[in-house]
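Next come two complexes built around subunit A: one with subunit B, the other with subunit C.
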Partner chain A sequence: MAALKQWAGAAVAAPLEWIARALDAPLRLWQRVAGRGGMIAFFLAPNMAIFGIFVLLPLVINVAYSTTTGGALFLSERRFVGLDQYRRLLTCDDYSDLLTCQEDQFWTALTNTGTFVVLQVSLLIAIATATALILNRSLRARGFWRAVFFFPVLLSPVVVGLIWRWILDRNGVLNAALAGMGLDPVNWLLERNWAFAAAIGVTIWAHLGFYALILLAGLQAIPRDLYEAAEMDGTPPARVFWRITLPLLMPNMLVVIVLALIRAVQVFDEAFVLTGGGPGTATLFLTQYIYEVGFASLLKNPGLASAASILMGSILIVLTLAQLGLGRWNERRGGKK
Partner chain B sequence: MSRAAAFLTRRRGGAGWHWTDVVTFLWLGAGLVIIFGPALWLVLSSFKSPAQLSEFPPTLLPYEARTVEVPGYDRPLPLYIVTDEGGTRTLAEVRRVGTVAQMVDPEAPDEVQRIDIANRTPVRAVGFSWSNYLDPFLRFDFLNYTRNSVFVTGMATLITLLTNSMAAFALSKYEFRGRGAVLVLIVATLMIPLSVILVPLYSIIAGVGLVNTLWGVILPTVATPTGVFLLRQYMLTIPDELLEAARMDHASEWQIYWRIVLPLTAPALAVLAIFSVVWRWNDFLWPLIVLSRQEVYTLQVGLNAYAGELNVQWHYLLAMTVITMVPVVLVFVFLQRFITAGIAGTGLK
Partner chain C sequence: MTRTALALALGASLLGSTALAGDVRVMWYSDGVEGEVMKDLVERFNAENPGINVILDEVAYRVVQEQLQIQLEAGDGPDIARVTNIKTLAPHWLDMTPYLSDPDYWRTNFGAHADWMREDGSDAITGFMTQLTLTGGFANKTLFEQAGVALPGADATWDEWVEAAVAVAASQGTAAAFAIDRSGHRISGPNVSYGANYIGADGMPAPVDDGVKTFAAKLVGWVDDGAMLKDTWVAASGSTYRAAADDFINAQIPYYYSGSWQIANLSTKIGDAFDWVATGSPCGTAGCSGLAGGAALVAIKYTDNPEEVAKVMEYFAREDIVKEFSERTLFLPAHAGVAAAGGLDWQTDDPNVGAALDAFIAAAARIEPAAAVLPSWKWASPYYGALVNRISQVMAGELSLDEAFEKIDSDIAEQVAAAQ
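Coming up: the complex of A and B.
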């Protein structure tokens, strides 16, 4: 095994070593001509070029893109329409009835995503906190248990979606279990509320371990003697949790809440593979709306998709700024004590 | 079994059970079942034949119908246990018409009996349908999808390691004007998710002619801000005296990067490599958009397309889902602690 590892390492390293050696002479020349500044530019160039072309440039183009219309892909061939796309997304005849909106699908996706974010994040945080607290007890084989909860985090969203589609199938194992207990089978993925609940449950299943891990790291950083002091004073456990554990866990808790919020706003792949947005539009979320409008539907409207994605981006920016603000506030409050 | 139970219920210092111990025990037990149960069920199901998959309620283990060679018939015949007024006996099915099956006794193959199918049950033994795994590779394009996925994962990881480490080197070992600005820019884009730039990114990929190519999938993903950030934090801990000493010996800057800094960054590079492999192997939304021709599909896109067909062939789909899961499970089993240490340390994902 060790020999194999060494051999595999050498097989990868040898050609790289050869390339690096071949590059040395021209780069030495470049260093002489352009100086240290030239070398800095050389080291930064590949990453920043890819970064600029595939992250920053699209970001800038997106703003321009959202003010154009038509089916053409390239910005230069598109017709400028100002804020029409935003108007189309946001206009409703009667805001109490979302079916009167021009883009009622967008509003469905928006309200679905809102409901999803509130329910999924609160449940996820509650379960992750409970899991972290339990993993922080003096357990036998804590590493093993931590790994158990972490396992689904590594699975691909497609695999997660398919595993659960198979379990929640009309003739799946969950319905067999229900039938075994004498209960009526449920059409999990074909009933609106159950499908929505399934999307929440499955995404929690997939991400729980990640958040529990960050919270656990925070719990383990809390000094033991605080708990010992509380025990000596005979403080009840609930009070210990609210007065010691939670305040000291706050920095990690904030990170977890904001990461969970940001990811919940973008929910797409697990839910898409699980339900395809259905039944009807019961689990249509914002990212899927952007994908459908921009790429998948027959009447593609990239300008509209781009406007929707900018609205989604602004929601994310607000959430990120809220995190920064809350973090500052929490620090200041901690400093005063 | 009782020893296992004794081991599990043993308490440190022989103390009694507190209610929190019970909660812990239940929580962990439920976690184990809910988390590994579905994956295990997937693996067990993936070995079942189509007929078995449509059974309700399902059996836990995959079974295969037992067959027998009967003289006078050129293919093996499935065996059944028949119970009717003629007693209980084992017969082989020749043919089935409606609810009546024509069956023969393997010992006396000349006499064909007509049996009501309500009176018989198939003879089965635990058996695995390996064809679920073989057919998709031989008859469909899954070999191709796997090759594409391996190429994307490997190439993207290599480029990520190279470009990110070069940038991290420049940002940690040199003082220059604008360094702070570059860092802020990189950290700020941590917050820009793919779904916000989908449409314009696609137009750029189309502009450089990379739609429906694997490079179109690879390039936008390789300049990961998390990678630069992680490597830079690690490189900051390498003492500058080492670099100065090398410069005294007339080492070029490239040699310093290649021969000194890179080998010392190996642990952080390993963590980034593991992350990158898992990320790229699992990528779905971007490949789904860039790749629309079947011959360039990655496994994830291929699986999704296969699951979206009108008549889902679950026996193939489940087997291919297991195949797609295998590399990640290997990473989990052997490298899990590096990842958890990486996340706990930096909060990156």
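Coming up: the complex of A and C.
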């Protein structure tokens, strides 16, 4: 058995050794010519090329598109209009009345997205923390419960949207259950507040497991002796949570907050399949607005869609910088303690 | 020996991954059974024409609406496509005239709709309508009979139809009395029936007029009082298309306003669950108009094989093929010769189908001039989109009707300005 393992190891290693030997001489030569910096650049180049072509270049092209108008695809065939698209998106006669805005549905989408981010992220973090705390206890069938909470994360967003649509539809499972209990059915997806709540609830259900898992990892890294000391001191559980658990969970919590914020600003797939942006524009979010203007409309307007996406990108950059700042502040605070 | 084998393998792999001269790709979407019929026709064409290989790419309607235009703008895309956005994309269609063996055959048989699929002022032959469609209503005859409510007559107004449908809904306990597909195209026939004219004297979009305002106010009122199914229009935003066919099929509404393309769908899915009839379009104050339209099979000008494309198009446009396609798909033929000859042998056992097709043929005679010009009008699409988008907002309580009309005008003006 040991001989077989040794043979298999050698079989795997042999081609790698052969490649390493073949590359050794040219790489040494290159290091002599280019120096240490050159070697670093050499190994970074493939990654930077991929990042440049698939991330940076489209970003630059997107900025260029946002300064043009017309339906043509190629930049050379599009008319340059400077900042007109941004002006169109941001101009309102009266900022307290969104209907007076030139692109009132952009503002509606922005307001809806802002409200969604605040409510969804707060609820998500509260529920994910509670879930992680429960899953961190010595429950019976703990592995099973962890899997139950994580399972929705594995589903495609479209599947999530469809499942919940079948549940919440006028003729859906929930209304059938209500009717079975002799209660009046509710048009969950046609009432503005219910539809918005459904969008929040479904996205929380879909992503909860992922964030709970990150928090659970943080909880498991907290030394047990701190809790034992608190128990010996007779510290109440709430005080233990606020004084031990939460501060020590903060690095993981920050990651969760930032990821959840970014994901909430980008909300689209589950909500779009679930509500289609309706009723009216009650669940029209920024990404759907961009999609409608740039792709779904019969007369597409890629310039306006690009400008809206740049503005949305700016919001995400602000959020990311805020996260970095918070992270550093937290590190400094931890260092001082 | 090894080198030769490697070269052969490389050559074979290149051949496999590259479009061959003689390949003709067709982008095709289906509403009903036409995809199956088309597959059969393509197989027969390929068997009869060994030099040409037609590849049928079946896609969702959304793909044609959202992705085809982007492909075309990039000078790419299929060689032939089945589209409904025919006029807006006309600059991308191939003028097949130099490649056709008998252009006069096309002018004679498809000339009536040629302007729908070419740029204004052009005499190009770019394709043909795979079917003519006409918007119109369907009534659940069984529900009407069970409720003891007589079906309104051919000259009944929208109000009379809604009143009758409300009585049926109340008696039979359906979810609502009626529904109209969420589409600007669908409400344009009724708008014209109330006197609307979308086109200004200069050929550009006119401001919304009393015809549009009257029918829009009715629609909103019908949603408010629960006569019209709220789900279809309110449960979406923007210009998203939503059909209410499933609600009619499930007997959730006794009356449904959609169009002739639903006939095969209704026949297949309803079966003998209940009897249904096509009713034509209810009347307004200015007429009883539906809106004509349909899907066209068009050649794309970026093809590398225009001669082969023309041969394929000639095959699909042949009188016997159009006749067979129409009979099997239950679509109204756009071929003048086939329509004039009549005697189509509809391939169905459903007794509702023949009567429904006859009803739509009769309703075609009632299309008002203001509706008849819309399929070939370049700016119809932004008009339709703005109507749906803003009227839905009124139904959802976000805008007043007056605010919506103002927004419709400004939306259309901005879209036209951006597209020019």
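The rule is simple: the second predicted complex is superposed on the first by the 283 of 337 C-alpha atoms of A that agree within 3 Å, B and C clash if a C-alpha of one lies under 4 Å from a C-alpha of the other, contacts with A are read in each partner's own complex, and residues count from 1 in each chain.
Everything below uses one rule, namely that a residue touches a chain if its C-beta (ideal position, glycine included) is under 8 Å from a C-beta of that chain, and two chains touch if they have at least 3 such contacts.
What you see is a predicted model, and the numbers here were worked out from it, not measured in a lab.
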Query: Once the shared chain is lined up, is A:L99 touching subunit B (first), subunit C (second), both, or neither of them?
result: second
Task: In the overlay, answer first, second, both or neither for which of subunit B and subunit C A:T91 touches.
output: neither
- request: Identify the partner contact of A:Q6: answer first if only subunit B is touched, second if only subunit C is, both if each is, neither if none is.
  value: neither
Field: Which superposed partner A:S297 touches (first subunit B, second subunit C, both, neither)
entry: second
- prompt: Who does A:A217 touch here: subunit B (first), subunit C (second), both, or neither?
  reply: first
Task: Please indicate which partner A:G276 is in contact with in the superposed arrangement: first for subunit B, second for subunit C, both, or neither.
output: both
Task: Once the structures are superposed on A, label A:F74 by its partner contacts, choosing first (subunit B), second (subunit C), both or neither.
output: both
Query: Which holds for A:L284: it touches subunit B only (first), subunit C only (second), both, or neither?
result: second
- request: Determine, for the superposed model, which of the two partners subunit B and subunit C contacts more residues of subunit A.
  value: B
Task: Would you check which partner chain A:P46 touches, where first means subunit B only, second means subunit C only, and both and neither mean what they say?
output: first
Doubly contacted subunit A residues - partners subunit C and subunit B: 73-74, 171, 276, 295
Query: So in the complex, which bits of subunit A are touching subunit B?
result: 20, 23-24, 27-28, 31, 36-37, 39-40, 43-44, 46-48, 50-51, 53-59, 61-62, 65, 73-75, 130-131, 134, 137-139, 143, 145-152, 154-159, 162-167, 171, 173, 175-176, 179-180, 205, 210, 213-214, 216-217, 255, 259, 262, 266, 268-269, 273, 276, 286-287, 290-291, 294-295, 302, 305-306, 309-310, 312-313, 316-317, 320
Field: Sites on subunit C touched by subunit A in the complex
entry: 65-66, 69-70, 73-74, 85, 88, 175, 230-231, 234-240, 242, 252, 381-382, 384-385, 389, 392-393, 395-399, 403, 407, 414-415, 418-420
- prompt: Residues of subunit A touching subunit C in their complex?
  reply: 69-74, 88, 99, 102, 104-105, 170-171, 187, 189-190, 192, 275-284, 288, 292, 295-301, 303-304
Message: Per the contact definition, I'd like the list of subunit B residues that touch subunit A in the complex.
response: 12, 20, 23-24, 27-28, 31-32, 34-36, 38-39, 41-42, 45, 54, 56-58, 162-164, 166-167, 169-171, 174, 176, 182, 185-186, 189, 191-193, 195-204, 206-207, 219-220, 222-223, 225, 228, 252-255, 257-258, 278, 281-282, 284-285, 288-289, 300, 303-304, 307-308, 314, 317-318, 321, 324-325, 328-329, 331-332, 336-337, 339-340, 343-345, 347, 349
